[in-house]
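In structure tokens below, several structures.
First chain A sits with chain B, and in the next complex the same chain sits with chain C.
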Partner chain A sequence: MKPRLILLAVFMAIAFMALGADRTKSAAMIERHSSAPGAEVTVIKGGDLSRYGLSEYHSLTLPSATAATADEIAAAVSADIASATDREVSYHNGRIKYAFLTMPTADDGLNRYVIYVCNPAKSGRRRVVLIDIKGKATARQLQNLIKITSK
Partner chain B sequence: MIRFTITILTLAAASVTATASTAPDTLKTVENPTEVTIVTGGSRSLSLTVKSDSSRYDFLAENTPEKSEPTIDISFPFIDNVRKQHTKGRRTKWRSFAMRGIYAGASMPSDAVPGLRTGWELGISQLSGVELLSPSRRTSLTAGVGYFYRRQKVGNGSHLSDNGHGRIAITPAPEGTHSHSSSISSFGLQLPVMLKQQLIGPTGMAVGVVGLWNTYTTASTKWTDADGTTCKRKMKGLHQRAFTVDALLIFNFGSEIGWYARYSPMHLFHRSTGPEYSLWSTGVNIGF
Partner chain C sequence: MTDQDTHTTIDRLTERYFAGLTSLEEERTLRCLLARDGSIEHSPQRATMAYTAMMRRQSSRPHTALRRAMSIAAATATAVGLTYAALTFGAADSECYAMIDNRMIDDRAAVTAMVEATLGEVAAARDDMQASVASQLNEINLQL
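Now for the complex of A and B:
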């Protein structure tokens, strides 16, 4: 009985680890900081998204992230930049300002994108927006969909 | 004649920009000025205006701050409706999670049972679970399932003896034998229900009860006879309680490393079928 139980526990642990293997580092950051004070999380699945060729939309907005949190998220985005198949990244003072990343195709065959924006906020803090998107839409279609304003 | 030396201006400029550590230098001497303006190059500009008439000077300093970082905003056509719904008022939210609370620590008997010593334990308190987040997202109620392993040692001249029919007891070690080593091992599933509160940033605490489903419990005892023969005996089919309850307190410093204390008031074995003891345990908790 004991070996069976231990085997079951080990398989369960492996299964849960495997569930996380398909995720981007940015997606992990969204989950990790989703309960941070002031965090705004938007999760959309199905519905209107299908009109735009998308199936999942996860976003995290930290309106007043500390430098440490912003750096942690930027590090995760940097890791995703390294593994992205296509990338559009802009920097300001050596810091990633904006990133549009085309990530390797997900296990379910859908395209996956990561969008990152880091703006200044009050008292040296940062306003961080991190978006993880999955869908059939191409990068060009998605870029046409996004409205970007710069001040 | 009114003489005005730019040295003074650069001193003034230095005081305005708080870079007084650089020595002032005479750049230019202007005679009878009505207005002098200095603009430094680069992104930071300083203009110092001197207005004078025949009787007095007015010093006007103006510091143009460093060119501010541009801001970028992005929006999606499908997000506006969601935002509107979202800003009507935050609601409680359910979410699922995996792998929280990997822990290891020491377990100490709280009852004075002769021979029972400090043991150790490890496990994952929440291999998977669900979480109900409050509107503020700082408080949550979690329920999950994990597993545990606990090993309690017996020593100090005592050992575990088999009283037949799955009953065990801690008894003094027989004379003429030595190197006694006995332990009670318990493995099973745990079902924690925790109330979690974030205190400062990701630092927080959680308190709750943990149901333990004691699926497998064994005892083993090992000794060496007078003639040097090492003997080992494993006792199975013990009369452990199927379900016990612990109280758990966790303090996490940041979102990863923390400290936990656990109190197990219920005896592992049914009455008169094994040693009766409660436990305190404490150790390190990873993942909050």
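Now for the complex of A and C:
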């Protein structure tokens, strides 16, 4: 009985490690701060997204993040910048202001993107937008979609 | 137990054994006594017991191996099933909702408006970056 339990435990541990490895650091931040005061979280999977070649859209907006929270998120984005296969990043006063990252392909073969925007807010706080997107769409297609959608 | 008693017991148990009347305990006793007793007189019984013991072991071996293989297969199937369930837990085919300050919004139009606003911020930040790059390139161009 014991060896079977050990086998089961090892199998589960490997699976959970694999599950964790497939996620970006930014995706973990979205989950971590999704219940923060004032947080706006959007989750869209399947449905209409497939028309744009996307399968998952997960975003977090913190309208008034404390410096500590903003720095924690920026650190996660920095880690993703390091592992990104393609990046478009701008800095302001030594801080990341905008990042569009193409991450390594997910386990299911889909493209994965991380988008980050940080702007100053009132009382020394910061407005943070963090998006984790997955789908077949290329980076160019996604950038065009952002341009069209925002108009 | 004297040698005579041992012989008597062996004879009695052998008779019962071949008549198919021995209990498992009696068969065990008979085997033990035959193993201890080295007399030639009981060699045929010893050979018979050794042969049946060997056959029992041989017939039980594949059964044990099959059971072990089946239990490993069952454990693996359970592990695969649980892992799949864990990986796909909560992964619905289609979802569309927003949470504002822990308050859920599942109105598709409202969620779409939120996405458009968020992407608008992204587009504005990207435009800023591109304007900045264009400005820098323009400055370089003026220096040339």
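To be clear about the criterion, the second predicted complex is superposed on the first by the 131 of 151 C-alpha atoms of A that agree within 3 Å, B and C clash if a C-alpha of one lies under 4 Å from a C-alpha of the other, contacts with A are read in each partner's own complex, and residues count from 1 in each chain.
The definition used in the following text is that a residue touches a chain if its C-beta (ideal position, glycine included) is under 8 Å from a C-beta of that chain, and two chains touch if they have at least 3 such contacts.
For clarity, every value in this text was computed on a predicted model and none was experimentally measured.
When both complexes are overlaid on chain A, the residue A:120 reaches chain B alone and has no touch with chain C. Looking at the shared chain after the overlay, A:67 reaches neither chain B nor chain C.
By the touch criterion stated above, A:147 is placed in contact with chain B and with chain C alike. In the superposed pair of complexes, A:82 makes contact with neither chain B nor chain C. With both structures placed on the common chain, the touch criterion links A:52 to chain B but leaves chain C unconnected. In the superposition on chain A, contact of A:93 is made with chain B only, not with chain C.
In the superposed model, A:40 lies in contact with both chain B and chain C. Annotation: chain A residues 12, 16, 19, 34-35, 37, 39-40, 42, 44, 48, 57, 59, 97-98, 115, 117, 119, 129, 131, 145-147, 149-151 touch chain B in one complex and chain C in the other.
Those residues of chain A that touch chain B in the shared complex are 1-2, 5-6, 9, 12-13, 16-17, 19-20, 31-32, 34-37, 39-40, 42, 44, 48-49, 51-52, 57, 59, 66, 92-93, 97-98, 115, 117, 119-120, 127, 129, 131, 145-151. Contact residues of chain A toward chain C in the complex are 4, 7-8, 11-12, 15-16, 19, 34-35, 37-48, 57, 59, 61, 88, 90, 97-98, 100, 115, 117, 119, 129, 131, 143, 145-147, 149-151.
Residues 71-72, 75-76, 78-80, 82-83, 86-87, 91-102, 111, 114-116, 118-126, 128-129, 132 of chain C touch chain A in their complex. Contact residues on chain B toward chain A in their complex (touch as defined above): 68-79, 81-83, 86, 95, 97-99, 124, 127-128, 133, 136-138, 140, 147, 187, 198, 201-202, 215-216, 218, 255.
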